[in-house]
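What follows is a group of structures, each given as structure tokens.
The following pair of complexes shares a single chain, chain A, combined with chain B in the former and chain C in the latter.
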Partner chain A sequence: MTNIQTDKVLDAKGLACPMPIVKTKKTINELEPGQVLEIEATDKGSTADLKAWCENTGHQYIGTVHKGNVIHHFVRKGGEEIKEIQHPHLIDNEDLAKKLGSNEQIIILDVREPSEFAFNHIPGAISIPFGELDQRMSNLNKGAEMFVICRTGNRSDLAAQKLTQSGFEKVFNVVPGMTEWKGQTKSLIT
Partner chain B sequence: MSVTVKTAKEIFDQVLNGEELFILDVRNTDDFKDWKIEGKQIKYLNVPYFDLIDGVEEIMDQIPKDKEIIVVCAKEGSSKMVAEMLSDKGLATSYLKGGMKSWSEYLYKKEVYKDDKMTVFQFVRVGKGCLSYMVVSGEEALIVDPSRFTEIYKKAAEDEDVKITHIVDSHLHADHISGGRVLAEETGANYYLMKSEGAVFDFKALENYNKIDFEQVSLEVIAIKTPGHTPGSVSFFVNDKLLFSGDTIFVSGLGRPDLGGKAREWAKDLYDTVYNKVSQITDDVIVLPSHYADFEDEVNRAGYIGETLGEIRKQNEIMSNQSIEDFVEHVAQSASSETPPNFEEIIGINRGVEKAAEEKQQELEIGPNRCAVHHTH
Partner chain C sequence: MSNKVAIIASNGGLFDAYKVFNIATASAATDAEVGIFFTFEGLNLIQKEASGQLPLPEGKEHFQEGFKAAQVPSIDELLLMAKDLGVKMIACQMTMDVMNVKKEDLISGIDVGGAVTFLDFAKDANVTLTF
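Now for the complex of A and B:
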């Protein structure tokens, strides 16, 4: 186990190809779209194969951590319904980068899953996964300018709507989000 | 139908016989593009095993019903799974034992020369395009550019009832791990390498030898400063009959100049080799290189990789009547940006600076041969 929070952990240690992928495929069926599976494996070929499998199947390969002899892969299940972006206040990546450069006091709220955040995020961003936003938004300052970001702008759109409904006043959805982010990033993976 | 298991040797024999094979390669697409079992009579289909976990129905129309189907993967497990699925559909199917890993490690042995003084064998590493040699004379044997599969040379020596007494490396290899040092430890043989290559263990420096003599063989060291892959590579001229050319002259062209990062400098040294040293060697001498690019293109009628110097000169205008400027320009332009996989680590191991367990060595060596990327004509 790593200390990265996921929705399920699959033990595929000691299994040779093709079993890590066969088991991953089976296990991911038990998850909801958007949930994250951690796969513990020892087969070194599993990294390249898992990446390629994710590409072919529409799952999101988040990353891999090596700890001792164990390889930990993180995969987010695909197949989420993609809605049209509704929150009216948008900011693109470049403008957010400029704001960051200007030393303004701003809050960047990253609503992706903890594992996605762990592999790369904008330095200083706060991590609250979308699923935990309801419980944790009371810790945030309602009056502050807030820039909500996710991977492609969909989860952040839903989060921005939710925050606005809850009385937050200056909420912006960052588009397209982390997939195209060219600025500095930080990782929690050592 | 039952599934049969095939060894790398069995499949290579089929390739040699020109048999028409159908290979279903179930590795991921990048690996397949990178390297595969080569053969002019082979038809390929590449579908990653992870797209076939639910069954082979979707690819059945792409698979011939009248040919033997060989399924291959990286290590064996996935090809076995897919072969069993195809077999359940009633197709004659086999899979490669040990996967592409075993293909990368298979050596094919072939006698290339024999006279009353010596017999010479070539070992073809078919999965990587590397060549090594054994020169047998009287009760002794000399090994040229051994791979890390030292058992194979010891067995070959045993079959000839000789003792391995000398081992030479023509240069510090960048694409595969040399077996020279280990084989020397195991057999007590002398191991020779150019000192300028930077190895940090005990060996005999080729700089100190003009010749290596044993039994009825005299191996002349043609040491020219040729910093190609690394600072010093040499050729060996044996009994005025054979030229072990290392990575300087291949059957279909000259060596690549780029791995040392000094293409032009190396090209000048190569010019010196070709025009001042090799030009003194007669046309009937057989060139035996340490690499090839395409087995079926380069194999000769006798069934090994090698060609007379005269023929190579004829095929490569660049080897005669060129000004040094034109030659350097031509060679430097052939510099490629494609390097052998993991070459820096492999060089480190061959110098004795880095160590790696066997599994790591396998991993580093897996993949295509990119040393013999060369120009022709």
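Now for the complex of A and C:
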């Protein structure tokens, strides 16, 4: 285990190829789209295999952490329904980068899963996964300018709508989001 | 990605079995439709008696320890996985007749067919492999 929060952990330690992939396939069937699986493996080939597996199956490879002999992989299940973006206030990545450079007091709210945030995020961003937004939004300042970001603009759209309905006044959805982010990033992985 | 993998298994040693079943289970786990045609000595791989005791190549018997050390799954385990993942397995009728192998001698879940049965599956495969 790492200290990164996920929805499920698969123990594939000691298993040789192709078993880590076969077990991953079986285990991911038990998750909902958007949930994150951590795979603990010792097979050194599993990193390249999992990346290729994700590319071919439509799941998202988040990253890998080595701890001692154990390799921890993080995969987010694909197949989420993509809706058209509805929140009317958008800002693109470049304009957000400019705002960051201008030293304005702004809040960046990252609504991706904790593991996605752990591997890379914009320095200073606050992490509140979309699923936890309802419980945790009371800690945020309703009057502040808030820039909501995720991987592709989909979850952040839903989050921006939710925040606006709850009385937040200046909420922007950052598009396209972290997939195309060219500015500075920070990682919690050591 | 739609993907179809057609495999011909025509050899009956332990190395051959691993090549066939590793690729087959890995493909099936990657959402490919997988079919294997077992012909000639490849029939050993799906015979009840033989599949659990496939020979290593002569002079390579010491690899037995390597398989253990690397914790490689057994062929029986891979066979179960392959079935579980929906790998289609076809035994060659003609070779069964030549080698006097009966359908009852094979593990369960095997289709028996001729060359055309396999060709029909393989005609639109993205990947075709022979072991």
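Here is the rule we go by: the second predicted complex is superposed on the first by the 190 of 190 C-alpha atoms of A that agree within 3 Å, B and C clash if a C-alpha of one lies under 4 Å from a C-alpha of the other, contacts with A are read in each partner's own complex, and residues count from 1 in each chain.
Operating definition for what follows: a contact is a pair of C-beta atoms (placed from the backbone, for glycine too) under 8 Å apart; a residue touches a chain by one contact, two chains touch by 3 or more.
Keep in mind the model is a prediction, meaning the values are calculated, not measured.
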Chain C versus chain B on the shared chain A, clash or fit after superposition: clash
Based on the superposed arrangement, let me know which partner A:44 touches: chain B (first), chain C (second), both, or neither? first
Please work out whether A:14 is in contact with chain B alone, chain C alone, both, or neither, and reply first, second, both or neither. second
Can A:25 be said to touch chain B (first), chain C (second), both, or neither? both
A:53 in the overlay: touching chain B, chain C, both, or neither? Say first, second, both or neither. both
Chain A residues contacting chain B in one complex and chain C in the other 16-19, 21-22, 25, 49, 52-53, 56
Within their complex, chain C touches chain A through residues 1, 3, 22, 25-26, 29-31, 70-73, 81, 85
Touching residues of chain A toward chain B in the complex: what are they? 16-19, 21-22, 25, 44-45, 48-49, 52-53, 56
Contacts from chain A onto chain C in the complex sit at residues 14-19, 21-22, 24-25, 49, 52-53, 56-57
List the residues on chain B that touch chain A in their complex, please. 28-31, 48-51, 53, 73-75, 77-78, 81, 363
